[in-house]
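Read through the structure below, which is laid out as structure tokens, and then see the notes.
Chain nomenclature is as follows: A, B, C and D, assigned in order of appearance, with residue numbering initiated at 1 for each chain independently.
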Amino acid sequence: MTSPSFVLTLSCTNVPGIVAGVSAYLFEAGCNILDAQQFDDVETGRFFMRIVLNPVGAPVAADALAAGFAPVARRFGMAWTLRDRAERRRVMLLASRFDHCLNDLLYRWRIGELPMEVCAVVSNYPRETYGHTDFGTLPVHHLPVTPETKPAQEAALWRLVQDTGAELVVLARYMQILSDDLAGRLAGRCINIHHSFLPGFKGARPYHQAHARGVKLIGATSHLVTGDLDEGPIIEQDVERISHRDTPEDLVRKGRDIERRVLARAVRYVLEDRVIPNGRKTVVFTD
Amino acid sequence: MTSPSFVLTLSCTNVPGIVAGVSAYLFEAGCNILDAQQFDDVETGRFFMRIVLNPVGAPVAADALAAGFAPVARRFGMAWTLRDRAERRRVMLLASRFDHCLNDLLYRWRIGELPMEVCAVVSNYPRETYGHTDFGTLPVHHLPVTPETKPAQEAALWRLVQDTGAELVVLARYMQILSDDLAGRLAGRCINIHHSFLPGFKGARPYHQAHARGVKLIGATSHLVTGDLDEGPIIEQDVERISHRDTPEDLVRKGRDIERRVLARAVRYVLEDRVIPNGRKTVVFTD
Amino acid sequence: MTSPSFVLTLSCTNVPGIVAGVSAYLFEAGCNILDAQQFDDVETGRFFMRIVLNPVGAPVAADALAAGFAPVARRFGMAWTLRDRAERRRVMLLASRFDHCLNDLLYRWRIGELPMEVCAVVSNYPRETYGHTDFGTLPVHHLPVTPETKPAQEAALWRLVQDTGAELVVLARYMQILSDDLAGRLAGRCINIHHSFLPGFKGARPYHQAHARGVKLIGATSHLVTGDLDEGPIIEQDVERISHRDTPEDLVRKGRDIERRVLARAVRYVLEDRVIPNGRKTVVFTD
Amino acid sequence: MTSPSFVLTLSCTNVPGIVAGVSAYLFEAGCNILDAQQFDDVETGRFFMRIVLNPVGAPVAADALAAGFAPVARRFGMAWTLRDRAERRRVMLLASRFDHCLNDLLYRWRIGELPMEVCAVVSNYPRETYGHTDFGTLPVHHLPVTPETKPAQEAALWRLVQDTGAELVVLARYMQILSDDLAGRLAGRCINIHHSFLPGFKGARPYHQAHARGVKLIGATSHLVTGDLDEGPIIEQDVERISHRDTPEDLVRKGRDIERRVLARAVRYVLEDRVIPNGRKTVVFTD
């Protein structure tokens, strides 16, 4: 798949003719449709689509394609994005003391599984916390936080987002609750991993809650961050079986595996433009 | 496995010597241990055990075995049961309009998968609701219920439990909430299937709640009934993946499969003496 | 979803303009696209598509739609089908001694989960084998078979297929190997459930093979029947965890659950036109 | 769990009195049974047991316990082991070009999830292959191999096993086939990860085989190494769902996740003395 290809995502009110309009434009623009998925939300009357396409003849720039597509988009009142798949999104990773998600994301990035550029790693713990992690030339920022310094720390965080041009912020078991203000600013480009099968066991120490309740499966949830804690639109979830023999510590251990695979999938889905928000929910065009 | 065999379950405060005491008695009584599982709850200091055993020489009656074991049980202050595995527990099945769980349990009973005797089928819907179900000679009781007649209906239910000698009552998608009084009387011998992955989506219309929240997996939960609705000790849970394409109706369809397998497993675990209550939780010695 | 709707499936050599051509036609014909999935097989250069559509204005007959679509199909050299979703496919169910799949399919049919018309139930066992199954008015045929009578029995089977107009034949644990001749005649409209996770444990007694090998998961496979036994294109598979404690009989019991859910899914996928053969494989547009 | 505790594993011909004999000895020796699991293989008449125990009074040395237990073991003709759980097994990790399993095992070891001492890392690729892996002070050996040098390389490998006192050798996607001779020498203390759901897709390029066959789930298998390639007793397996959209490259990516979690579980099971060979199979006392 070495020829340049693009991903087009769009959503709009559902009316007849959308697919015909889009595909006619792409055909005229000399593009082949490599993959397409769509979804009609019959409850809301909203239409969602993701198309992977490539120019079959002469190379075409994303700009030119986008300019050509704009009138189609306008006609249907679309929210839409068009990206060159070769362009890697700039991603900021936030972590705290537990580094299993951080290490996992870095590993997947290194071997090319996650098409991103890591523009910053941020932690409220000092760099020594990650003694065995090879950050290479990645910029690592230590932004400690206390209740008193939280506004200042978040201001620093926000500056870093702006300075690095981060397009996606991943809370990789970052154990600080973002203020409503920062959560609001990052809304739509920030994803979190919560270590429970939401909506069960919101809040703190979910594995201990799960142990106390005696559930037979535990899970993890990756969701878009909104101002409403643990209530953001869910991107991905998974579970694993446990038994009465499992202590809270066993749940934490089993949970690490679930967390890292759920977060990694969610990050990949976002990077590949597979996730489109739909009110309190998401449309996820999985592969 | 045609020779008579027994299941012994016990729980008591954990002290050294329990296994030695139990196994020494069984050896002296001429019994072989076919299977044994145990669990020490380090939080509560409570010990749980399930032993499958058979006499190796002359046949032994359950009564004689139990009489011999009583002093051992007394020594350790055990709560215990001893059952002949050939004896089938008397089970009452309660259902409402949806009959997928009822039909599934009856099918598994017919082919010998569930070692029970169905002593009664009870529904708040008339028998015609189940036009295609072959109840054979099973007694089917129609106990309709309205808010006004609920006390009288529950009294009739309770009489039926007593008259039939039901040792286990299975709420097979019985869509009535038992009163605290009846739930209390049935506590310990009544199991329910809730059509959500508890503790998420308690209460009514859980599939619609799940759809509205946008979760990516749905589940079902079988639990012991206590006075505290949807809060009884969990016996078994399972889940299935869903997507944004699934309507509430799709969730109901997928849920039927989860519900019936979760309930069938829970019933089998109880019938095989694999479930021992442990406060708000259960110990389940699965196979 | 009370308005008439249609399912269009198509496959052809992949060239630019297919989606544009199809969607333009549907738009002009006054149809809305409710759902669409497509797949480009880059290895073979073949394109597959499934579209659910409904006329937005005046009702349109399938015939008229098909007549209008034929030129588009011809232009791209498509293999295609167009069906009214309200039309129920005629299905023949074949079973032998074990009736868990048969009962499960009949139950799902009765509650409307499987949109089909059961045109015949056929078994090589007498009807009394299914004493507790309510066949209602369904025609049940007993076609016993021995090595000597096999050709005659298969001839009778084939006549039944023709006489009943069966569009789909489901081998619901029918424990007879079809001759190459009959398999060939039924190719493309016959699906089987094999009680192993193919390609592991082909042939007879797969659960015993699995037990002897000591695998930690067992499975079942539903596939299109071809002349090549256990080698037909796979439609659906699933597995369940087992342990060293499970006897071959336990595997048979656990397997029943896997078999019936795998076969039921495969049948539903076929009835909803979600399965398109692709050489030795299938394209399955799941929901 | 800071007090010293031990794991006793044993297997012998099944006769009455084993549990009584073992538990009586432990009680007399002042030991508490923290956990016990047992299994009677009714096919072979063999009995298997794993006991976690700790002295309740004065500390006891493993040697003294073992000396006391020896007569019990002799009486029943047991194969048995007794280990102090605080002692970490010496483990040698072998890898080739793909390092996802190697990195995963090292990570789990670093955070204390795998109770082992890594005595050597060996690869047929040079150390630079793992540029971003922090081996710290671990000895890393480069043992390149060609068809010509294979006997010499294996001799070097074997010397390393002896010199380092490796008690367990883990083939963490080591892509060389061990000679029968070396496999025989390592039998019982060497585990491998095979990237297919055995017995399906033995041999080379299993993901490509799976893609060609069109299966709907792929898997991985960890097994004890014997002289018989891909036929050793299976310790652990797992699978993941795939679809027609997945290319062989996608299978390789999804497979990495399955491989590393299957191998990590198998290694943990072995390190915690949960795995007892049983002919062509294993008994695995999972938690």
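Going forward, contacts are C-beta pairs under 8 Å (C-beta built on N, C-alpha and C of every residue); 3 or more make two chains touch, one makes a residue touch a chain.
As the structure is a computational prediction, the values presented were derived from the model and not from experiment.
When the interfaces B-C and A-B are ranked by C-beta pairs in contact, the top one is A-B. Across the assembly, the mean Cα position most removed from that of chain B is the one of A. For the touching copies chain A and chain C, the fraction of interface residue numbers used by both exceeds half; the interface is of the same-residue type. Remark: chain B and chain C have CA centroids separated by 36 Å (rounded to whole angstrom).
In terms of their C-alpha centroids, the spacing between chain A and chain B amounts to 41 Å. Residues of chain B in contact with at least two other chains: 35, 39, 243, 245. Chain A makes touch with chain D in their complex at residues 35, 100, 103, 107, 110-111, 113, 132-134, 136, 243, 245-246, 250, 253, 256-257, 261, 287. Those residues of chain D whose C-beta lies close enough to touch chain B in the complex are 16-20, 23-24, 26-27, 30-40, 56. Within the complex formed with chain A, the residues of chain B that make contact are 39, 41-42, 197-201, 212-217, 219, 233-239, 243-245, 247, 278, 280-284, 286.
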